[in-house]
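Both of the next two complexes hold chain A, though its partner changes from chain B to chain C.
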Partner chain A sequence: MGALFYILIFPGFLFIIFFSLAIEFIDRKIYARLQNRVGPPWFQPLADFIKLLAKEDIVPTASNPKMFKLAPILALTSVITAFLYIPLWKTGALFSFNGDIIVVFYLLTLPTLAFFIGGWYSTSLYARIGSVRCLTQLFAYEVPLFMGILSSALLADTWSLKEMAVFYTQHPWFWMFNLLGFGISLISLLGKLEKVPFDIPEAETEVVAGSFTEYSGRMLAYLRLTLDIEMVVGSVLLALVFFPFGLNINPALGFMLFLLKVLFIISLISLLRTVVARLRIDQMISFCWKYLVPLALLQILVNLILKGTLLK
Partner chain B sequence: MRIIKKIVSWARIKSPWILHFNTGACNACDIEIIAALTPRYDLERFGVVLKGTPRHADILVCSGPVTKKIEDRLVRIYEQMPEPKFVVAVGTCACSGGVFDGCYNVAAGINQVIPVSAYIPGCPASPKAIIDGVVKLLASLEEKENKGDVSIFPSPER
Partner chain C sequence: MHNSPDFKIPIGPQHPALKEPESFSVALKGEKILGVDIRLGYNHRGIEKAAEERSYVQDIYLIERVCGICSHSHATCFVQAVEEIAGLAVPARALYIRTIIGELERIHSHLLWLGVAGHEIGFDTLLMYSWRDREVVMDILATITGNRVNYGMNTIGGVRRDIDAPQAEAILNALTILEERTKYYIEIATEETTIIKRLSGVGVLSREDVLRLDAVGPTARASGVKRDVRVDDPYAAYAELSFDVITDNHADVYGRTVVRVKELLESCKIIRQALKNLPQGPIAIRAPRKIPAGEALSRYEAPRGEDVHYVKANGTEKPERVKIRAPTLANVQAVKHMLRDRFLADMPIVVAAIDPCFSCTDRMVALKEQAGGRAKVINWQALHNFSIEWHKQRGIDFAPLNKKLKERLAR
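Moving on, here comes the complex of A and B:
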């Protein structure tokens, strides 16, 4: 019973779906307010989701039906699974073992591969261009994202998210040293979430809707939900890794603090996607490799020196 | 079952995604449609989002008398949209052919080619008229739904 409750209701399915829809609303509302308009009502993401669930599912005759239908489910499953390993407002997660940070990374990479598979097997030209761009972009943002988050893990000397939370609770002010890593990871996360300025794979003005071009109805609902949940999991991961304070206080206060941290990261993402324009794919790759990766190396160097001096 | 039907029709009315398609207009109506989508008029208040592909869209917004060249494409785009789908004709030309009515190379209105749910006259139709038309379309759908006329929301048969 307990396991079923975990999987279906609390940190699992139901909570994450409603939480991610709320986060999508906040993102869209901030985006609208920054553009000086009223923006969507609070139930908008829920209405979109239900409407898409009730629409007709079209599978193009030229596509490979099995792969086409498999991709959204694979993407959704992997992001929901990734959420189970992240401690939210306590130092303990639902499941934890040494090395779970790597598992979370790869579970967050799987949706990108699923988008590629779905786009490729729908055999539409736009979808194929979009999915190839998706993979090209993966090689640019993945390295700085991993380096940024792992530099924080390096300081804590563990590859388990739970033990990282314990370390930063014991050494309260150490998260201040990781702020550069936070900036790098946030920018790379924009690439993972396919948000402006890195929305190259689904640029509407160029490739219609990227790998989602041929999707309709229920499968499109799953894909959109995947992107929302990915945003939640990404920002929760950044909140845990870079703002690991107040994890062992009263649960109600801890929950409020957790929400505040996530909202802060979401508002940063919305702000960034309002103020910048889309880059070209080559500009994006050279930006990631020329600027973000050296900065991430600098962060790792700082953390290594800290380990040799302060933590001796 | 009835409550599920109610929730679904509520969701459909609250989240109309549109696809804009120029069926041979002089671009005046297109500019007005784009103007209606800008922050000044902010159609996202009603949940309207402009989509790039017919697969994602619920409402096809057409402008212009249907020229012979674009007729096949219009039908094809209409058929690519998933059910339930609605068509809105924006501008006098799209409603009836306008000044092009009777020309050898146009079909005199969208409804000669595909079924149309709402007509928004005007040359060009102003953004306010377009918003009014869309809101009236949504309101009429709601009304028909309340009357129990389920035929406007056919469940997709497979």
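Moving on, here comes the complex of A and C:
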């Protein structure tokens, strides 16, 4: 019973859906205020979601209907599942085993693949270009993102998020060594979330809405929810990996601290996407491989040295 | 499919990158552009023909609506041509007021362009900021003329409204704000890394190509060609004012951005001078209703480049022929050249960099059958009948509805 409550209601599916809609509102509001606009009211993401659910689903006749309908569901389920493996404000998560970092990575990569499949099988020209860009981009940001997160795991000497939380609770100030990794992962996360400057797959002035061009109604609602939840899961993961403090305090305080950490990361994302222009796909790839990957290697080197000296 | 040479994607006539309908058919190989086919003709309004059926005074208001952004440019250009035919000596004060409105319009047009350019490269913050500041100049235009666009300032023989002392002061105050903001935009455009990355080296048009393809306005000036009607063939009060023609040698989209933001400062300078030296006297002289027979060609440096109007009068109160060449028509040929070997991602900003105004530039296109080369022109009634038949064949028939409507109206 307890586990079911945990999975379905709190902090499982129901919580994450409402939490991600709230986060979308906060992101949009900060973005708007930084741009000197008023921004949406607090219920806007929820209203959009309900409106889209009520709209007609249109499946293009030229598309492959099975793949076209499957993609949003695949994307949504995989990001929600990823959420269950991450410790939130305690050192323990619902599911945990040695190697769950890899599972979370895998589950976070699936939506990108689903976007590709959905866009490709919708057969729209814009969607096809968007899908190809989606995959091209995957090869650029995935490596620095994983290296950034794994460097932190390397210091903790574990493949499990739960044990990582335990390690950093035992060694309180060690997270300070990973701040470079945090910067790298945050920038790579922008690529995963398809936000400016890496919103190349859905650059509206070039390819309309990229992979999502042909989607409408319920399926578009799911896809948008997927992006919101991906943003939450991504920032929760970064919050755990790079700010793993206050995990064994009073649950109420811990929850507040957890919210603060997520809000901090979300506001950084909003700020970053306010101050830059969209890059071209070739510039994005060379940026990721020329700057982010070497920096991530440096972070790993630092952590290896620390492991050999401090933790001896 | 994605890599085959005939992978063509349509940018337009309906596309989020375009603010007006226009068709760009882009042949792609991966992300690379192999070729672009441009087709005009989606927004033709028949203004030249309509002008022949209206009186000269009515035509001013019609021609002002050629373009929503450079409305004053077109109206002034037309009025200048008519004044030349009629041999009217326009009072100096009117010429100065025309200059002031023209430069305010340039400021509003360039700020608008800056925002659009920001949007095309995914930098929406720039769009929001520059359009916010554009409100300052729009408000000033509204206080002077009563309208935010389509000012209705010109009349044959002068202008319709005077600028009084409080208005002059309001303009000066607004200019102070605008100059400060413009300096900030110059800083952004020349220092922000992602902007430079997206703009420099994109859409290169060499000096030779400018001369060969006859580009005008900021597009030409960004390639180091000092081409500006305000200096080459001064009209209004420009001969008495001192200002620099901004040129740049980058020859790419970055250069065009720099030229435009720097021109904002020059415009402020011109307005300050014009307000300081504003001569006293009447603002208009009475023009005859019938313009004597003759013809004239008038040139005007619109924000987008050289605007040319040709008017032929035949001694009646209506012109015999009006011909408009908007600056975009001169620049649009260059776009095809600029896009050669670029990426799809550069397409929106390269098109936007000429600051296109498609509805101003639209021509009537006679469709030719490819095989026979036979052009077919049909009149309005035939087109109407054709559309009724076309819909009937597809099961849509409005005849009963029309009958019902007629009966109801008759009752």
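By definition in this document, the second predicted complex is superposed on the first by the 311 of 312 C-alpha atoms of A that agree within 3 Å, B and C clash if a C-alpha of one lies under 4 Å from a C-alpha of the other, contacts with A are read in each partner's own complex, and residues count from 1 in each chain.
Quick note on the criterion: a residue touches a chain if its C-beta (ideal position, glycine included) is under 8 Å from a C-beta of that chain, and two chains touch if they have at least 3 such contacts.
Keep in mind that this is a model prediction, so the values were computed, not measured.
Undergrad: Could you say whether A:Thr274 touches chain B, chain C, both of them, or neither, answering first, second, both or neither?
TA: second
Undergrad: I'd like to know which partner A:Arg37 touches here: chain B for first, chain C for second, both or neither.
TA: both
Undergrad: First (chain B), second (chain C), both or neither: which does A:Ser216 touch?
TA: It touches chain B, and chain C stays clear.
Undergrad: Based on the superposed arrangement, let me know which partner A:Met231 touches: chain B (first), chain C (second), both, or neither?
TA: neither
Undergrad: Report for A:Leu145: first if it touches chain B alone, second if chain C alone, otherwise both or neither.
TA: After superposing on A, A:Leu145 lies clear of both chain B and chain C.
Undergrad: Counting only touches as set out at the top, which of chain B and chain C does A:Val196 meet: first, second, both, neither?
TA: second
Undergrad: Would you sort A:Arg128 into first (chain B), second (chain C), both or neither based on which partner it touches?
TA: So A:Arg128 only meets chain C here.
Undergrad: Have a look at where A:Ile86 lands relative to chain B and chain C in the superposition and call it first, second, both or neither.
TA: neither
Undergrad: After superposition on the shared chain, which partner residues are touched by A:Val262: those of chain B (first), chain C (second), both, or neither?
TA: neither
Undergrad: Residues of chain A that sit at the chain B interface in one complex and at the chain C interface in the other, please.
TA: Of chain A, residues 35-37, 126, 204, 208 contact chain B in one complex and chain C in the other.
Undergrad: Provide the residue numbers of chain B that touch chain A in the complex, in ascending order.
TA: Residues in contact with chain A: 7-8, 10-12, 14-15, 39-40, 42, 44-45, 47, 51-53, 55-56, 58, 80, 82-84, 156, 158.
Undergrad: Within the complex, which stretch of chain A touches chain C?
TA: For this pair, the touching residues of chain A are 34-37, 125-126, 128-129, 132-133, 196-197, 199-200, 203-208, 274-283.
Undergrad: Would you tell me which residues of chain C are touching chain A in their complex?
TA: It comes out as residues 1-2, 7, 9-10, 15-17, 28, 31, 118-126, 128-129, 132, 192-195, 197-198, 343-348.
Undergrad: Can you tell me which positions in chain A touch chain B when the two form their complex?
TA: Touching chain B from chain A are residues 28, 32, 35-41, 43-44, 46-51, 54-58, 126, 204, 208-209, 212-217, 220.
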